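Some structures are shown below for you to check.
Heads up, the next two complexes both have chain A, just with different partners, chain B and then chain C.
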Partner chain A sequence: MMTHQPGPFARISAGVVALYLLLPISIIIPVSMTDQRFLSLPKEALSLQHYATVLTSPEWLASIWQSFLIAIAATAIAVIAGTLCAIGCWRLSRRSTDLIRALMLLPIIIPSIVYAIGLYRYFAGLDLLDRFMGVALAHGVTGIPYVVITVSTALAAFDPRLEQAARGMGASLMQTLRWVILPRITPGILSGGIFAFIHSWDELVIVLFIASRDVFTLPRRIWDGINENLDPAMAAVAVLLVVFTTGLLLLDLMLRRRRAE
Partner chain B sequence: MSGATGHALAIERLSKRYGSFTAVADVSLAVGQGEFLTLLGPSGSGKTTILMCIAGFVAPSEGAIRLDGRDITALPPERRDFGMVFQGYALFPHMTVAENVAFPLRVRKLGAAEREAKVRAALDLVQLSAFGDRLPRQLSGGQQQRVALARALVFEPALLLLDEPLSALDKKLRAELQDELKALHRRIGRTFVNVTHDQEEALSLSDRVAILNHGKLIQQGAPAELYERPATRFVADFLGKSNFLHGTVREVFAGGFAIGAGSTRVVTAAADSPPLGSQVLLSLRPEKMALLAEGETAENSVTGIIESWSYLGAGYALNVAVPDFGTLRITLSTWNAPIAPREGLALRLGWSAAASVPVLDDAP
Partner chain C sequence: MIRRQDAGWWLLILPAFLLMTAFYVAPIAQVLAISFTEPTPGLGNYERLFTSDSVQRVIITTLRICLITTALSLLLGYVLSYRIALSSPSAQRWWILAVLVPLWISVLVRAFAWVTLLRRQGLVNETLMATGVITEPLALVWNEFGIIVGMVHYMVPYAVLPMLASMREIDPRLLAAARGLGASRFTIFGRIFLPLSLPGLLAAGLLVFIFSLGFYITPALLGGGRTLMVAEWIGLQILDLLRWGLGTMMATMLVVAILTTLAVFARVVDLRRIFGGGA
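Presenting the complex of A and B:
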């Protein structure tokens, strides 16, 4: 078979785009290792002092821990609701369910600042402002689209005759779900869960609106840090964040590859 | 799993409509205990819809389905207790062969020891005892088909439903598995309902065949009965091959009648004869005609010329142009064939009155 070799223009533009994506991220790595006391490139030597600051400061650690717990709770909400929604739409599969699936993508389509203003109004009445549960709920609901998309994709590849076969052999709906459908779409659910987790983990806009003092997530602390003082510790945190998120994405990639086998 | 008794199934005035499209129109069928019934028809004839109604996956628009007299029309599939072999088998790809076969038992919450014993017995039944730990994708098509059979039979279902069970296999394997399936049916004595578009499969496997077309039941009966006495042109054409002779009834006598077409007269045997002067259609199977030697006579004879011919190994198929009837197809055994066929060769064909059958002309 003939393969087309990319021309010089395609090669150069691909390179430029890759640089464009990577440069802003890679610049924070040297910055995080600066020996200075303000946000800058290292002058005389590389230093890990800012990492030490982050990993020993009770504020940073509290925020990391809080962000982690919120992301776990939000992922649970998004995975359960999103998976059930996708399975329901798949099973009924009418024109109305296509509409529901489209509706589920709204949190991605609507600007999060608009969404946050709406949440602020409702959460005030429900006493959910500045609460762990409030943020977890908000992140969970806005994470649903990622799960709906990945699970729907997994279900599209699922042979509906397997479900018929299971039911024909006497399996109830729950048994069919547990033993036949879920094992086949687990990679899709895990993938959606990873995206929902990342979404909550670095979400800032909603948190700015519905949390103030008690709930102080990691992105919120970075934001405040940048507004108040240009502490290089922020760069260290950013590097840690990038490493963590990249790890999650690699995990997702690995799961996908396993599924493809 | 031996000594089990089959169950009787009755389909009463079943119809299924999808919007303005009628998939099944007023079909009634009875399947006796331990019987092997095949629903045979071309694609779109409604045979699969009927099977899906029996299985419970499709709700009939009208009519009832009874098992041993009990109305099961509204029962969901998981409560019908029917085994089913799906087209393409629908084996669970994430489970081993043994887990697949154990699935119906797991659903029924059987104890581990009993489950294991039954799975072993079912795999023995289909000669796959050594394959329990394999995944379905590691098996050949024929082996997968057997796993599907074992899985459908392991819970001793009231009925076994087969949806084109052999259609995914190549011809040789299909013949092998046909024999196995038939032997299995004899051995376990359960009621089987099979769906196929393959007429050879239907004839060789079934106790009884129901022929469907455009959602209607055209004729049902034992395979030989259907082949020898087709009721309509469709049945005669779909089940094997047939020549059709058009003519007008000229004479009626005891046990038959004679038709005329142009200057040719043909006698046929029939229990009751149509009125004089009516138009009739006779079905005449290609293998029921013979070549007549010089001076030899038969109840019916025509002369013709070979238009074309083909060699089929066991037999020759000749297309012979005959005055008044167009082209007739005739098959001859190649072994000791009285002639060497060639185009343009003139010959005389003869057949008995009992060889042809009057059929209803239901061609579109």
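Presenting the complex of A and C:
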């Protein structure tokens, strides 16, 4: 039987759309290696000077390190709370847990600007403004939905009778969790962790409102850079970020493939 | 009523529930509350919706940009999903990577790339001037055009995912059968493929529209402060003008608009398809 193939018009226009998606992102690679001192394509030779500028700048390195630590703390909060919640909702599975799961999705539905201004006021009262703990908490809470989604998806493929069998043979809830449920859904948890990490690592809107001097994350420094001085060092940072994110995504892809096997 | 053997499972939900209530719902509830209490208690802030030109202007600008963005993202996303859905499984993997990588790349990096390309001394203007197509640089960014280019670029992957999911459910034998019976490519698309992919199109439209409504970073960087969308306007009220009442009123309206849109479309769109849910 012959399969239906896309026509020439569909092929060409899809190619154009793919270029629109990918070209602007790839253009920053040659720009980051320019030999000029301003944002441009390389004129005479390729140069890594702008990478050197970034990787030897104490400001950029401090922001990268700070963003990394915040993302780790936020991921820990999101993964622990999100995984346990998804398991509880899956096992109880009733109207009230459907509502709880909907509540957990709010951070992807409600725009971050609304949360950010609310948090600005709320954290002022708790003395959490411009604190590591404050940003980590905010990123952790808003990262929960990603974990809940991936873990729930992993649980959907899990046979609930395994859990009942374990309990029936006298395993405690903790033992069932540790030895029966968690090993089965580890890829889902890791996937959720990766997304929660990228979420925190890239997050800017909340940081703009609840942090100012002591906490100055990488996205915050890029934001200032785009608004104030557009220099090729920004392109170098952008490329480093793209490489890092793509690496994490490939890791996720590998995990998914292993889960599929 | 909590049955005794269920108590342990409820306990698992508790940490996330407490975190979410104390550090997510409470700050947002406070936003809603402030909109009714500052500067004076009452509905004064909401009156501005009907009396203030600047409030009305920002709402209209936002709606216009969001509708254009949604329409363009759906069009481009549809073309892409159509191509992906009809590819071989191995080619599909590459196409999907081409969609997923932009989806997860920092929105800042993408806005920066667009500024590099579109500004007055940017690569597009330089190339066009060097080849003699134009003599004066075109204003491609720091206006509404720039915002839309950047927002559509951000939204296309979000449009593709639900559309592709629904296109993959279309039985390929239907298309092959229609072809075997002599239908033209155009007829197959119009009479079979398009109607069957409508649920995905609708879900994608809903998703892109509600994401666009509250978008902050791309419009702020590519709009250059002249074209204000609602999110940037709210930020301005709070950080620069310290008008908490107005800012929180608009934030409340934004949430109401999004939840209303979701509630209306929940009747025709399977929301679980959009937000996973995994049930």
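To be clear about the criterion, the second predicted complex is superposed on the first by the 259 of 261 C-alpha atoms of A that agree within 3 Å, B and C clash if a C-alpha of one lies under 4 Å from a C-alpha of the other, contacts with A are read in each partner's own complex, and residues count from 1 in each chain.
Going forward, contacts are C-beta pairs under 8 Å (C-beta built on N, C-alpha and C of every residue); 3 or more make two chains touch, one makes a residue touch a chain.
Here the structure is a predicted model, which is why all the values come from computation and not from measurement.
A.B. asks: Would you mind checking whether chain B and chain C clash or fit side by side on chain A after the superposition?
C.D. replies: After superposition on chain A, chain B vs chain C: fit, no clash.
A.B. asks: Where does A:Ile72 make contact in the superposed view: on chain B (first), on chain C (second), on both, or on neither?
C.D. replies: Touch partners of A:Ile72: none, neither chain B nor chain C.
A.B. asks: For A:Leu155 in the superposed arrangement: first (chain B), second (chain C), both or neither?
C.D. replies: Touch status of A:Leu155: second partner only.
A.B. asks: Identify the partner contact of A:Leu22: answer first if only chain B is touched, second if only chain C is, both if each is, neither if none is.
C.D. replies: In the superposition, A:Leu22 contacts chain C only.
A.B. asks: Once the shared chain is lined up, is A:Ala166 touching chain B (first), chain C (second), both, or neither of them?
C.D. replies: Touch status of A:Ala166: first partner only.
A.B. asks: Looking at A:Ala62, would you say it contacts chain B, chain C, both, or neither? Reply first, second, both or neither.
C.D. replies: The answer is neither, since A:Ala62 touches no partner chain.
A.B. asks: Is A:Leu182 touching anything from chain B or chain C once the two structures are fitted on A? First, second, both or neither.
C.D. replies: A:Leu182 contacts neither chain B nor chain C.
A.B. asks: Using the superposition described at the top, determine whether chain B or chain C touches more residues of chain A.
C.D. replies: Per-residue touch count on chain A favours C.
A.B. asks: Please work out how little space separates the C-alpha atoms of chain B and chain C at their nearest point after superposition, in whole Å.
C.D. replies: Here the least C-alpha separation of chain B and chain C stands at 7 Å.
A.B. asks: Please give the residue numbers of chain A that touch chain B in the complex, ascending.
C.D. replies: Against chain B, chain A makes touches at 159, 161-162, 164-172, 175, 179-180, 183-184.
A.B. asks: Flag every residue of chain B that touches chain A in the complex, lowest number first.
C.D. replies: Within the complex, chain B contacts chain A at residues 55-57, 76-84, 86-88, 90, 92-94, 103-104, 106-108, 151-152, 155.
A.B. asks: Going by the contact rule at the top, pick out the chain A residues touching chain C in the complex.
C.D. replies: Against chain C, chain A makes touches at 1-7, 10-11, 13-14, 17-18, 20-22, 24-25, 27-28, 31, 39-41, 77, 80-82, 84-85, 87-89, 91-93, 97-98, 100-101, 103-123, 137-138, 140-142, 144, 148-156, 173, 198, 202, 204-205, 208-209, 219, 222-223, 226-227, 230, 234-235, 238, 241-242, 245-246, 248-249, 253.
A.B. asks: Over in the complex, which chain C residues touch chain A? Could you list them?
C.D. replies: 6, 8-13, 15-17, 19-20, 23-31, 34, 76-77, 79-80, 82-84, 86-87, 95, 97-102, 104-117, 119, 123, 153, 156-157, 172-173, 175-176, 179-180, 185, 188, 210, 213-217, 221, 231, 234-235, 238-239, 244, 247-248, 251, 254-255, 258-259, 262, 275-279
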